[in-house]
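One chain, chain A, appears in both complexes that follow, with chain B as partner in the first and chain C in the second.
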Partner chain A sequence: MNLSDSKKKLAAAGVVCGIAAACLAYFGNPANMALCIACFIRDTAGALGMHSAETVQYARPEIVGLVLGAFIISTATGEYRSMAGSSPMTRFVLGVVLAVGSLVFLGCPLRMIIRMSAGDLNAWVALIGFVLGAATGVFALKKGFSLGRAHLANRVSGGMLPAVMLGILILALASTVLRSSESGPGSMHAPILLSLIGGLIFGAFAQKSRMCFAGSVRDVILMKNFDLLTIIGGFFAVMLIFNIASGRFVPAFDTPGIIAHSEHLWSILGMYAVGFAAVLAGGCPLRQLILAGQGSSDSAVTVLGMFAGAAMAHNFGLAASGTSVNAETQEVIAGAVPLNGRVAVIICIIVCFIIAFTNKRSEGR
Partner chain B sequence: MKEVDARGLSCPEPLMLTAEALRNETGPVRILVTEPHQKMNVEKFAKDHGRKTVSTETEDGFAIVIEQKL
Partner chain C sequence: MRKKERKLVVTFHTTADAMAMEKTCREFRVPGRLIPVPRVISAGCGLAWCAPLDERAQVERVMRENGIEQEALHECMV
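Entry: the complex of A and B
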């Protein structure tokens, strides 16, 4: 079944993904973080011991489900293609940028939309940066940017990341070797089976609809094409209704407890880096997981870059903190972006510019 | 026939190359892509621009012939 040939089907796919995300939020995922690719990769990296921030360690079954959902549906519908060889190390670095930029803002583009639907005005500010970043990526594309061609690879190569994800799931279910937070965001989660099913459904529909947050902005700017934006519209509408109906819609800036901060410049610059890197890499963090599931080893390398970037964000003190309330004094403590995080975002943006204007299509032939 | 080799390129490069090829070409154009979603994207792009397509499977992907502008 082709979900991408009409706007109604695309909007319906967005609605299904929105329902899956709303269910995950309802059944225990952190408030305002129903499904965040950067946060959940960060949590999974913590579970694997790649960083030691004790409050954000949990092997998120949603990440496993997204990759496996895309793998299963693409195999079943004949869309699985094992491809590799399009500047893998550059894509790894872009993956690092995607994770660092997201964790300075506190959310990937998917969570930005979820935060927007919950009235978090910081996310609306960050959208400015994301659109500008995607626009810069489009400018580079128009100037001939390309990471070169991928080639058909051994069929097994494309199945390696799905297999690794399955391995993580088995370890989470059948052993105690993975780390698991006892407090903080990492301790808040929907039941494992529900998270896995949510991820599988989301992954399958995202694969069939080509859902991509960076792609939707890119296509509007580049080709005046609103197809991908239609999916985001369907997703946003469901999350907005869910947040209003469940009393989670709070239109404000400094809302404690929703894992967000009000450092506007750094929200903008963090998402600028993400929008820019995502267009260069051919898709947002979610799309990278989906492409990796349908056989792209290049996207799998980008995903590994996101794991490394997420670990670096906590090992080197780059990640922002969310606004919170002191339980004893009831004093509101404003969330902040540490100096290391600010420097890292600037470096990430410089790296994006270097990648964008030194990789030309003609050189990839 | 004008031919565009977009095999193995990331999105949106196949569509950018297709758009570039169709800009000054009223005759048929053959587009080579590797992945099914790129084939569908090219077919839809042509349809949105009033051009019919005929697609065939090749050894390493798909060939989409965008027919002459009527």
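Entry: the complex of A and C
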């Protein structure tokens, strides 16, 4: 099955992913967060006890499903390739940046698109930062940035992250050792089986279509190629229709209850860091999960970096809070980015610049 | 929209190699352009150099003389 030989098929792949995300939102995932890689990795990190924020702890089967979906489809179609060795520690740090930047904005690029489709104007503001960040990454590529080549590795190496994900799923289903939120976003979720199936389908189609948010911006800037953007277009269209049909489309800034804030500068800078790091790492958070599923140990290390970054975001008070309503007074409490989060984003951007302009093609061969 | 035709497609180990290829080909006026690696070749999301089939010898010479390492050379519809 070739999904990428025409724009129509690419758009159709985006539509399928959109339907999967819409189903997850309809059946219980948090409003406006149908499928967010950063948030769900953060929740899973919480379930594993990597942080102690009690409202965001739940082993999200979607994350497991995305990795296993990509693993299964790539194995079945002969595209599984165990590769490793392209600056793994640098990729770990970029994974941390991806998580911290996303949790300051309150969403990965995937959720940014979902928030945009629900009329959240804060996400449209953040898009500016994401595009500028990706453009900075493209500039670095033009200046010779490289993390070096990956090499074929032992076949089992590429299967390690899928195996770990399967282990997390088994623990979630067959034991009580994982933490699980009783209130807050971590307590809101679709039924486990549906979440897993949604993740598997999304992962398989994302693998076949090469869906990537950073890659789509990179390709447009670098080659005026709109293939990857077409997939995002199909995804956005479905989520827009779903949000309008279900009465969730609210074009506004300060909307309580959707886990978002209106600190525009920090939305822009948070997503700037994410766009920049994603181009340097060769893919957005979603793409890292998919690449890890099809055998890239380098992407698996980036995923581990995202787990560490998500844990740091809550252990060190970096993550932003969403706008909410005081249940007693009905007063709107504006969401905010804490000082620690602001400092962390600045550090993340500096780290990206250092990585971008000190890792050269001539060194990594 | 470009009409699809059979082309020479050079894939690389890194994106930086593809960028170096573009720079070198521009410098030596070798025809071609950067494209995303065609899906039929790879599930990865790197960049490739696409050139007319009859430029194969010139493309190989430019890579050899400028130390650009290819991953593979393909002929496919682009």
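Brief remarks follow.
Please note the rule applied: the second predicted complex is superposed on the first by the 365 of 365 C-alpha atoms of A that agree within 3 Å, B and C clash if a C-alpha of one lies under 4 Å from a C-alpha of the other, contacts with A are read in each partner's own complex, and residues count from 1 in each chain.
By definition in this document, contacts are C-beta pairs under 8 Å (C-beta built on N, C-alpha and C of every residue); 3 or more make two chains touch, one makes a residue touch a chain.
Because the structure is predicted, anything quoted here is derived from the model rather than measured.
On the shared subunit chain A, the superposed partners chain B and chain C overlap sterically. Judged by the touch definition given at the top, the superposed model places A:79 against both chain B and chain C. Look at A:3: by the touch rule set out above, it reaches chain C but stays clear of chain B. Contact with both chain B and chain C is seen for A:361 once the two complexes are overlaid on the shared chain. When both complexes are overlaid on chain A, the residue A:152 reaches chain B alone and has no touch with chain C. In the superposition on chain A, A:215 contacts both chain B and chain C.
In the superposed model, more residues of chain A are touched by C than by the other of chain B and chain C. In the superposed model, A:283 lies in contact with both chain B and chain C. When the two complexes are overlaid on their common chain A, residue A:51 makes contact with neither chain B nor chain C. Under the contact criterion defined above, the residues of chain A that touch both chain B in one complex and chain C in the other are 2, 4-5, 79, 81, 86, 141, 146-150, 210, 215, 219, 222-223, 282-283, 361.
Within the complex formed with chain C, the residues of chain A that make contact are 2-5, 74, 79, 81, 86, 141-142, 144-150, 207, 210, 212, 215, 219, 222-223, 225, 227-228, 282-283, 287, 291, 294, 360-361, 364-365.
Against chain A, the residues of chain C that register as touching in their complex are 13-17, 19-20, 33-36, 38-40, 43-47, 69. Chain B meets chain A in the complex at residues 7-13, 15-16, 19, 34-37, 40, 44, 60.
Taken in their complex, chain A has these residues touching chain B: 2, 4-5, 78-79, 81, 83, 85-86, 141, 146-152, 210, 215, 218-219, 222-223, 281-283, 361.
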